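Single-structure report; data block below.
Letters are used for the chains, namely A, B and C, taken in the order the chains are written, and counting of residues starts over at 1 for each.
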Amino acid sequence: MLLTFALWAYVAGMAGALVLQRAERLANVLGFGLAALGGVCGVVFSVSSLAAGRAVTIAPVTLWSGPIPDVRLVVEADALSCFFVLIVSLVGLAISVFSLGYARTYYGRKNVGVLAAVFNALLLVTTLVFIAGNLWMFLIAWELMALLAYGMVSFEHEDREARQAGVLYFIMSHLDAACILLGFLMLAQAAGDFSFASLRGIGAKLSPQQRDAAFMLFVIGFGIKAGAVPLHIWLPVAHPVAPSNISALMSGVLIKTGIYGLVRVCFEFLGPPPMWWGASLLAAGTVSAVLGVLYALMEHDLKRLLAYHSIENIGIILMGIGAALMFLHTGHAVLASLALIAGLYHTINHAVFKALLFLGAGAVLHATHTRNMEEMGGLAKRMRWTSLFFLVGAVAISALPPLNGFVSEWLTYQSLLQGFGTTTSLVRLMFPLGGAMLALTGALAAACFVKAFGITFLAQPRSDHARNAHEASLPVLIGQGVLTAACVFLGLFPTAFLKLLDPLTQQLTGHQLSQQLTLANGLVLSDATAQGGTVSTLGITLMAVYLLPVPLALWAMFGRKARTRIAPTWDCGQRGLTPQMEYTATGFSKPLRMIFKALFRPRREVQREYDFSPYFATTLRFESHMEEVFQTRFYRPVNLWLLRLSRRLRALQAGSLQAYLIYVFITLVALLLFAS
Amino acid sequence: MKRDTPFTLLTNGTALSWADVPEWPLAEFLRNVGAELGRGERLSSFFGVPEGDALRLVAVLAFDAGNTLAVGRSQSFSGSFPALTATHAQAHLFEREIWEQHGVVPENHPWLKPVRKDHGAGPAVGDFFRVDGREIHEVAVGPVHAGIIEPGHFRFQCAGEEVLHLEIALGFQHRGVEEAIAGGPHRATVYQMETVAGDTTIGHATAYANALEALAGTEAPLRAQWLRAIALELERLANHTGDLGALAGDVAFLPTASACGKIRGDFLNLTALLCGNRFGRGLVRPGGCLLDGDTERLSQLRKRLETALAEVQQAAAWLWDAASVRTRFEHTGHLHAKQAAAIGLVGPAARACGLVRDVRFDHPTGWHRFAQVPVSVWPDGDVFARARVRWLEIQRSGDFLREQLDAVPEGETMSSLPALAPNSLAVALVEGWRGEVCHVALTGADGKLRRYKITDPSFHNWTGLALALRGQAISDFPLCNKSFNLSYCGFDL
Amino acid sequence: MSVHDTLLNRLKRGCETMAYPKGPAPALPDRHGGALKVEAAKCDASCSACVTVCPTEAIARPAGKPVALDLGRCIFCAECVTVCPTKAITQSNDHRMAVRQREDLVLGDTGKEQVRLAQALDEKLRRLFGRSLKLRQVSAAGCNACEADTNVLGTIGWDLGRFGIQFVASPRHADGLLITGPVSKNMELALKKTYIALPEPRIVIALGACAIAGGPFIGHPQHHNGASGLVPVDLFIPGCPPHPLTILDGLLRLLDRLGESDARR
């Protein structure tokens, strides 16, 4: 049916693009066109499945069965899978359309066919991750996803930065694959089988210590993939260097696989969670959110800024999921559903607006040939549609009503604020604290996007490239437009969308909440409690629209007589303003850098050169750096320790045949003892 | 304190024949000047006297410790000269001015830019200094900047909120004062002298009168000198009160701001009581004072002075008490004593860095030979110190005025001025409320003014403001600017 | 210094704003002299003592015509008053000097012994600015005395704010321009730009002898001898510097805020 068609479309796109490598335009159109087709099918499939409300959409189907017993590839789709397939298809669709125009920038420079093929392959394997039905399928698709993404990160391998980013991504991906593998092996050992069906609820069969250990492994593994602090160091390095459509896919979809994995494992496989599981996720989420946005504020590289924001939003999602786990522990299933809905709604929201922002960044990058915001400016007049779409994305990510970011953060706040009353232990303090930190990140995110939008698009251009920028091509604009429409829809019609999440929460927490969350015929969103916190984004918008005639009438009555004269900006009577007089991105964030000095540890350097007198400098140079706290204080020491350890272990590689024979003998003896 | 110097010594307010001014070849002249500056003396004035196609440099040094001035000149030369600024920063503006006015190039001048002349609808300094760095942005303020204030352009190089470098471009008010005096004094000259810096009317008029009286070989009558001293202190009182009010206004401390605004008007009205004009126009003339004060008038002046001083005491007490004011004032706009001495800072700004320099004390002339005003010094060098020095000067000027108004000298106030001696040089220094006002007059063979050099205290002090802003937050700029409160038109002439 | 002391002090001092224009104007300093009055009839035909003594050449005696004193050029040094043998030129101790037309400042003709004072703005502008006039001051090479006396109008004694008149930082927020100084060549661009930046309708006030005709520096090549050549001026206020009372009188006269008691001509 539709899903199969979608998967085959991806395969066809991959094959076609590879075959037609030399005919760039054909490869482009065929590859990305088929990807778009697959995306459409995926969206239709997932929406219809969720709307139908069935718990299981596709019963476990064996795709391939090999000669070794237990080694099979099984797919199944339940509500959770459909939800994530919706995410990958929707975002994939938009990015595919975008890529039709964007890939033209690579004509003659790089192999567009390979780009299109790998893109299709990525969509394929990511979908497979979501519909995997047993461990083999899951892990093989996971590994392929990591490899393909690594390939794309190093796509512009002429650039040293890209190569290094690729290597880091490769290492971190395999670290996370190792952790996940270990965790799943622990579960599979207890179940005796590798299929997801038999893993459900397996946590009950494990001892508490084993469950905790498995939980830790999964958190680390999926955390690395999702980009939670302190496992995030690869994210701001890898996402900026990839081609922009791949960055959008990575930030929008690939990191959500970590969320998918966590939800699947914690809610289905591991059984009833102790309090500290949820609390640790909530804490990790809070820290990721705050740190992510703080680092984003300090960035002047547009794509790195967006990458750090991904860390922040993953943090918000984790806060929702952590809160849901805590509520499961205390037995508040309704609240758990609410928190889970908040987390998952934010997942799709983030996928949509982050992809939108990355696509916008890609268009800007192509127009100005730089990622550095300090060299942009004045693009709003030259790239009207792109700036409009970017603005919508910025408003959405800053959680301003009436767009989608506001809805999911509102739901997250509601679940956190009600958490205080769920338990009497001190843990309940985490809820209001989390809410406060969430408020802080919201404010900082808004500040950061004022900077990002303002410095990039407003005022005068700061470089010749920016001055000569022109609007992007039509497919690029359409791709952004699709996601903008999605942002608006998800923001204005949350109650309609929530119906789609019913089968999900039914399956995972046992409750269907959309009825309780909807009031006034779908106009108002409620938080399902007696106190009745409510909000209506649709209502706000409609009211604004209804009230619009009032200022229009006033203008028609009084304003038309006023003459308009266009005059230069007031410049104190000087010769004229220059781009040098515009605020810089780093200047904008300087006060915050000073406030959070302890975290950033900024270092500033002023070099003064003078010929004769220090009062009359010939040149003055100013530079400031921030310490990369996690790298220098955690990863580097760990790396150094590992290297030292491996240097010691090198002693084992004595190079002498006798020594190796003794190793073989010792191993044999050990195995025999162990086996008996 | 006598010491060996090749320069001819000269008392403030006296003249000497041009031929008696020691003359050296250019290189030796500059070496001598450099040597004196190296010993810690101050450059009061340094300018060029055109002689046909060539130029002669004249230096007037202030030996503050020796209570005397010293003059010297170079032989005529043309083309260029080695810049003193390379070793002594206090000469920098003088040398730029010489370059601009006469066209000779100071070699190795580290900051050779025009001072006042505008080259094509832009600020005089041409291209502004830029700090390298990706995070740097410029903030360009002026010439029409906020407030009822004279025009000037300030170019900040900022990293975020921090100012790394400030370059001040003036010259917007260049009216051609020095050019107009040549061949004078003309009918309008004394009125132009009064408006060189309109709020320092008494200061500049007194310096002009002293210079002309020195050239004529006379002194003004004692009562006139007494009146001039009174008017000078009244001018100081009015402006310092206004400054305290403005500083308070800048930190939003309204009790003092509104009170001082009114009290300043009261002090200005005291000057108007003496001569009809709130700024002292029409009072000081070469030869004496045009108007006199009878007993009735002077006792009224005394009474109103007491009231105003009591009120300003109250207003200032509010200011020093407020913690919010002190946090803004302290450690803001800091200038070291070493920097101040190196750039030749004068006036309250210099005294607020701990430098003891005051013309009334170092080079007393006129009534200040008989009556002393203690020098007000404060060591810190920040905005608080500059405000504090102003406050001390208000108190001390008030004491001085009380003392003098209680002991009025007899005599006439105006005497006729004989003809000016030909080929003579006169130097007159007055401690205006901003600092040292220096007028140097040179007559030709016909007894007319061949060259007249005016150095307003702002000429020395604008550099101080530019230095004080380094490392400060840009939002403190209005406060620092007001704490210096320099004259734009006195600089621009 | 506690709040208590501050409040007591404030209560003791009461309201320090002057009653004018609802009461009599504060007296000018007795030596101020005020506006000049020219009675050409008293002039001696052969005498031109005033012409030679005037530092700004404000007085002219064309052959056969009576003496003409241009109050716009006058810097009020009163030399002509001192030197006139027949007391044809006297000081009237009148603080009112503001005019709308430049010609109104030339005294001497019969019927023009004293200044013809400024009329108020036309009704449309009076309706717009009468109760709220925001001014941007531009010092185009002024010596700072006119600026100081304008500043003092904002203090609590004069309190310009009670008439709705306020000085603003940006010309975009302003209704009018207040120009001081003879407009040096270096300030020409800035003045023009400020004028262009004012939204219409706008007015221009030339304050002080410099802004009207160049002041003590009249004739110097470094400036334009006043603002009239560059921007259209709606109000001229002579003086060097004009006493704050003269400035206030001029502004209120322009806005018709003086009341019938002081309306003249």
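Definition applied: a contact is a pair of C-beta atoms (placed from the backbone, for glycine too) under 8 Å apart; a residue touches a chain by one contact, two chains touch by 3 or more.
None of the values given here were measured: they were computed from a predicted structure.
**Student:** Counting only C-alpha atoms to place each centre, which chain is farthest from chain B?
**Tutor:** Checked the centroid distances; the maximum from chain B is A.
**Student:** Out of every possible chain pairing, which has the most C-beta contacts?
**Tutor:** Result: the chain pair B-C has the most contacts.
**Student:** In angstrom, rounded to a whole number, how far apart do the mean CA points of chain B and chain C lie?
**Tutor:** 29
**Student:** Suppose each chain is reduced to the average of its Cα coordinates; what separation in Å results between chain A and chain C?
**Tutor:** 68
**Student:** Could you work out how far the Cα centre of chain A sits from that of chain B, in whole Å?
**Tutor:** About 65 Å, centre to centre.
**Student:** Can you tell me which residues of chain C touch two or more of the remaining chains?
**Tutor:** Correct list: 138, 171, 187, 189-190, 193-194.
**Student:** Please set out, as single numbers or ranges, the residues of chain B touching at least two other chains.
**Tutor:** Answer for chain B, listing residues that touch two or more other chains: 121, 143-145, 151.
**Student:** Any chance you could list the residues of chain A touching two or more other chains?
**Tutor:** 571-575
**Student:** Considering the complex alone, what residue numbers of chain A touch chain C?
**Tutor:** Per the stated touch rule, the residues are 563, 565, 567-568, 570-575.
**Student:** Spell out the residues on chain B that touch chain C in their complex, using ranges where they run on.
**Tutor:** Chain B residues touching chain C: 116, 118, 121, 124, 143-151, 171-177, 179-180, 187-188, 190-192, 194-199, 201, 242, 255, 258-259, 261-262, 264-265, 268-269, 272-279, 281-282, 291, 314, 317-318, 321-322, 487-489, 492.
**Student:** Could you list, by residue number, the parts of chain B that touch chain A in their complex?
**Tutor:** 85-87, 89, 92, 108, 110-111, 121-123, 129-145, 151, 153, 157-162, 164-165, 339, 342-343, 463, 467
**Student:** Where on chain C does chain B make contact in their complex?
**Tutor:** Chain C residues touching chain B: 1, 6, 9, 16, 29-33, 53-56, 75-78, 136-152, 154-158, 167, 169, 171, 181-182, 184-190, 193-194, 215-218, 220-223, 240-241, 243-244.
**Student:** Taking the touch rule as given, give the residues of chain C at its contact with chain A in the complex, in rising order.
**Tutor:** The contact residues of chain C facing chain A are 138, 170-172, 187, 189-191, 193-194, 196-197, 199-200.
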